[in-house]
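Naming follows writing order (A, B, C, D and E), and every chain is counted from residue 1.
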Amino acid sequence: MLVALGLIALIAGAIGLTSFATGYVIYIVNLVMVAIVLALGLHIVIGECGQFSLAHAAFYGIGIYTAGLVTNLLGAPFWLSLLAGGLVAGLIGFFIGFLSLRMRDIYLALSTFAFGEAMQWLFLNWTPVTGGPNGLNIKPATLFGFQFLTDRAAFPLVLSVTLVILALVAVLHVSTLGRSLRAVRESEIAAASVGINVTRMKLTAFTLSAFVAGLAGGLYTTFSTFIHPDSLGFQTTIIILTTVVVGGMGSLIGAVGGAMVFGLLSELLRQVPSYQEMIYGGILILFMMYAPRGMFSFVGRR
Amino acid sequence: QAPAAEPGLTATTIKIGMFGPLSGPSMAYGFDVVNAARMYFDKINREGGIHGRRIEVVVEDDRCTANDVVAAVKKLVEQDQVFMLNGGSCSAPVVAARDYVVRSGVPWVMLNASGDGALYPPQPNIFGALSISQRAVGGSTIEFATRQLSAKRIGYINHDDAYGAWNLEAARFQAAQNGAELIVESINPAIADVTAPVLKLRAANVDAIIIATYARPAQLILKKAQELNVNKPIVIAVNAIANLRQLVENVGSREAFRNVYIQELLAAAPGSEKLAWVYDLYKQSYPELAAKPDHPQVYMPYGIPPAMVIVRALQAAGPQPTRAKVIAAIEQLNFDSGVMAGPISFSPTDRAGQKASIYFRFDGQAMTPVPGVFASRWTYQGQ
Amino acid sequence: MADLLELKHVSAGYGRIEALSGISLTVPEGGIVALLGANGAGKSTTLNVISGLVPATSGEVRFKGRAISGERSDRIVASGISQVPEGREVFRDMSVQENLAIGAQLRNDRAGISADIEVMTGYFPILATRFKQMAGTLSGGEQQMLLIARALMARPSLLLLDEPSLGLAPLLVKQIFDIVVTLHREQKLTLLIVEQNAAVALAVSQYAYILENGEIVAEGPSADLANDDAIRRAYLGA
Amino acid sequence: MSFDVALLFIQQGVASGLVTGSVYALLAVAIVIIYRTTDVANFAGGEFYMAAAYLAFFMIAMMALPFWLAVIATIVVMCIGAGLFQRIVLAQVALARGVAINLVIATLGLSYLVKGIVRSTGFGDTPRTFPSVVPDGSFTIGDASVSYLDVTILGAAVLVMALFFWVFNFTKTGRAMRAVGMNRRAAQLVGINLGRVEMMVWCFASAISGIAAILIAPKLLMTAEMGSVVTMAFAAAIVGGFTSLPGAVIGGFIIGITENMVGLFVSSRAINVAPFVIIMLVLIFKPQGLFGGALKVRKV
Amino acid sequence: MAAMLSLSNVLMRFGGIVAINDFSMEVEAGSIHALIGPNGAGKSTVFNCISRIYQPATGKIVVRGQDVTALPPHAMAGLGVARTFQNLELFNELSVIENVMLGAYAHEETGFWQRLKPRSPATRAKAEAILEQTGLQDFRDVKANSLDFGRQKLLELARALAGSPKLMLLDEPAAGLRSREIERLDQILTDLNQRHGITILLVEHVMQLVMSISNRITVLNFGEKIAEGTPGEVKTHPRVIEAYLGAEAASHG
């Protein structure tokens, strides 16, 4: 109930936003929504299934490049590019999940970390496709021949896609599938004993998580015109991970709230340049010391 | 655009939006560059401003990441309603703001970003390369190696990033023109062990080695070259090595400097008479910063020429400036800053301001200028 | 006989849950005291408060006449209290031998330690045959024996046993209680035993407390309790 | 490529790789010790190393302390600093019922904090060095040229690693550390002072980082970003199995040598990606790393 | 009567240790069969082989006529085999009801899209009923790991029940329970067996329970079968007394 009310307030606020906010504010809001989708993707694999994946930025990047190229080369409408980004990322996520199946805990985390680093290298060096170190210029997204040239124009698009993804992840959370993912997180042996195919669940989580990260990438291309491999490294993964953990691991509200709070925080911190690293570090430490279960843990876990 | 009111303009002020890395890992590339431009604007204000208007600056941190550069630019343009932009120290991320700036029509003069990706193909309202463009760096070093050092086989170590891709393009062009062979080793700026590139160049028996990297890898390479007994001439391209004593200390021995040349973009060696006013002004403007170790940062003087460009263009645009007038005025500029090695000039088809560099021979103690100018011949040919 | 251990109005809990509400009990020097009660009554919590693993929210624990509540668990072990916890808490990736040795972490007499390891493998011969095996792969009963042996390695003056018979074969239950009684007799070891198997517990102990929902609801000499009808029905089966 | 050149490449590549590898190995040992005892992947490992280098620099170059005094002071200060971090921050995280990932994020916070502090001193921008332990100069083994500094780094690293290996596996303190890593409750019940052992672990690990910094800063130079080599240390630890000290050491050497071989025989561009490709290959074929033991089914 | 479960010549090794050696047994459908033996005899290992967590070196395991020796662990629930664990394997951070609902997993609709449907009311109702039956209804929304040990054991049983099993493998369900609760467990198991026709294979050290409810008992020692028969036969078997029961316990009875 609380959640539904909050959501409605959020949507209303967001729509009100377009009428009076500057393009800059809308840009930030768009970025925050991409961050939300990224956090939701990571939530699926870490929060629900308990598998540590540290390659989220790589899947995000795959989504961006795929969507960007589909837009650039085929002139495809935005939803096709978006979906393409999600699907390619999901496919590669499936493959990586498959390779990582035998690994556990820290080994799994670190092998995906290595994959992420390798992907960033690939983005930087596969010049004919990604533009390599020059970055890739992305043509504006289109729908029915209409071009989304500004943040304001793209905003309704970004908002609706975000809401749809949020709804899907929420459904996942309350569904049997979600419950069985959590069972794998809690005890693989017990999960198997009640008939859950642990391998398939892990693969599903990996694939869905990468798919959602790819969608986030596609979403990014609807209001951004340029991507550079520098933005797709471990730093980015860490930021997403941080939002999920500080928001509250395993909680949907945590993932969304964490992404919002940290997205805005990051923007606010730009105003205190010389101290921002220290402040950011300090905030992380304090949150872990006094609210390790998440800044929204008091709202109740969902 | 409504002719009545240009944004950022009042009868007494003109608002300029500045941005650069004021924090984080890339801070060294731009923090003091922003400060330098700012102190120059202050100086102009003290001297009466421009056509009776004071320059007002709004500064944003861009963290040298693409998303933050774009956020900073959008905030300056849409929220702060600045008249024009003056910012950007990191090459790859500034490109991210290109399309937006072009669409919004705001004049943008970069700080020290080489920004080749935003300068080629030329855009109507974007100007940059006020320290130098990477294309110019690459071409110039090859010119120097072939003409001055008579090298036929040239070892070329650059970064695997945007910086490196741009300077390599012009280096290849110039090498082909001058009939030299280029052996390229592209490394990651975060490299720890430079044995491989150096040893490979030694084994390839090159006549000279050009190092077009940041300071740390450049110093590691110099040191490694000494350890591996490479006795060919080494040219260090623009890379922020200003403190030459520190350079020698880091490399570990004067031995390593038997045959080393250093490319310089400033009009004279840092610390020389000619640039003294810049450093004095810095001390005056920022006494607290100046008291910190390593301040001003190496790139600090690079902030002056962009500020000069803006001041001159505003002066030329007359008492009723518009963005269009300012853009037209910048296109016409051609002046000697006294800070950079060569003149600063733009044209309707060329948005890169400064192309010249000079060379010193450095023996670990003394710097001896090498006479002559070594220019890049690469030009933008369309895509 | 002097009281070795004394709990005065001790309360403790987990977050909002109160697991113990002001219980008082005493364990005389050289005695065997049993603590009985249903699942969730707070028996393990009591032992953990004594061992310093769970802080008491109020009340006082005194050992050898000295207040030990609030002290760090290693200090409490050093003062002579060892616990055999429930839940098979062995060091899974250490060998049986190392598990025994680490029981004597606070001792420095090398010779004494290796002698004691001999003594333990005398009490529990199966441990000798598993000496180099990782403790995590032992069977449940083997782990239980290892835990008792490990606790004894500290040469405690008071041993807290949390359900020592749990998961043990009947023969072994008997053996373990025999050993416990032997230790009590030979080494003057004082014991506080938490046990589901009330019959056994009442048989070996001299005095017993019965805990319900964090409160002591009955106490008395074990023999008396064993003959009390209500107690019989509740704890000893038909 | 001629045979002679290939031979030279191999010799020099191995020689240099061993030295760089020993750097990775030292930092990897610090990471593994912490991971094994407290379950924390220490993201601030690189910043410990960076902070130690600046401390030493400050004492040697700015305060002109005698070299050995500065070395000892650096190690002591590092040890105390990391110990306090454990005691004040991590203990509180645990007290607030934080799990491993919370501790990891706390170390991440520390790493930002330390970087911010170092940068705000103004020292972070220019690459720096301080006098090395040994004189300049080099000699050759076969075709490979090796500097005295390199040999010292390698020797000292091996010594330090052997020492910590011994402490960890064969002393009472080490046994307590391992016990804490396996079962904290049980460790308390046998009389281990949890707080002290954990503090000691952090202290040890940061002392190792300190030693690494003093050895290596003259070779790799210092910047506020120098901590990024810890990525390679992580790579080394993973390849070696992440819970094994000898594994971390061998992993370090493997990474160091492979970097050079890839640089020499494939491309300099590929140097920085090589470790990650190795990680993936190793983990695909041995999911627990080279020395992480067999993949165990948990007994139920 | 048909065999619910049969093991033939199963051998399981860990490194050098032979945990089960050439072991065969049959569990009749509809019976309560106990597997007892000293600690470390290999009882849990037998369970782990049946539920496919361990792969025996040789031998064959047949459940309801189907050879399962090569099946993956998760396939067993679908065949109607549910189990509990000696040292507890609960979904610790999930609520009690979620734990029980997961027990019914194998019988819910399969397929990706069907599983995306929000919680099925049928499963929930079933879970509620089982909570009622096991007396856990007051703890419905409590996290599994904040229950006390005894109730955690009960929850494992409830979870296994939710799978509507034909065969239940119970590894020491009475450990940690006091007599009155053991009596209750006795009733529950008898009820399951007689009213619901569930076959039960029971590993247990509490003889009071074993002797009262088992139809048949197999005794394992050092991985080998040393005796098999009715409770009466086993109780008096000299090797069982020597290795497991001890003279006193046997005479009490």
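Details
As a working rule, a residue touches a chain if its C-beta (ideal position, glycine included) is under 8 Å from a C-beta of that chain, and two chains touch if they have at least 3 such contacts.
What you see is a predicted model, and the numbers here were worked out from it, not measured in a lab.
Each step here moves to a touching chain, and the least such steps from subunit B to subunit E number 2. With contact taken as defined at the outset, subunit A and subunit C are each touched by D, E. Ranking every chain by how far its Cα centroid lies from the centroid of subunit E, the top place goes to B.
Taking the mean of the C-alpha atoms as each chain's centre, subunit C and subunit D sit 43 Å apart.
For this pair, subunit A with subunit B, the centres built from the Cα atoms lie 35 Å apart. In terms of their C-alpha centroids, the spacing between subunit B and subunit C amounts to 74 Å. For subunit D, residues that reach two or more other chains under the stated contact definition are 115, 119, 269, 272, 299-300. Residue positions 23-24, 160 of subunit B are each in touch with at least two other chains. Among the residues of subunit E, those in touch with two or more other chains are 44, 53, 85-87, 89.
Chain pairs that touch, as defined above: A-B, A-D, A-E, B-D, C-D, C-E, D-E.
Of all residues in subunit E, those touching subunit D in their complex are 44, 48, 53-54, 85-87, 89.
Interface of subunit A with subunit D (complex): residues 52, 99-100, 102-104, 106-107, 109-111, 113-115, 117-118, 121, 125, 189, 234, 238, 241-242, 245-246, 249, 274-285, 287-293. Subunit E makes touch with subunit A in their complex at residues 51-53, 72-78, 82-83, 85, 89-94, 98, 101-106, 108-109, 112, 114-120, 123, 159, 162-163. Within the complex formed with subunit D, the subunit C residues making contact are 51-53, 72-74, 77-78, 82-83, 85, 89-94, 98, 101-103, 105-106, 136-137, 150-151, 153-154. Residue ranges on subunit E touching subunit C, taken from their complex, read 14, 17, 36-41, 44, 86-87, 146-151, 172, 175-183, 205, 207-208, 243-246, 248-249.
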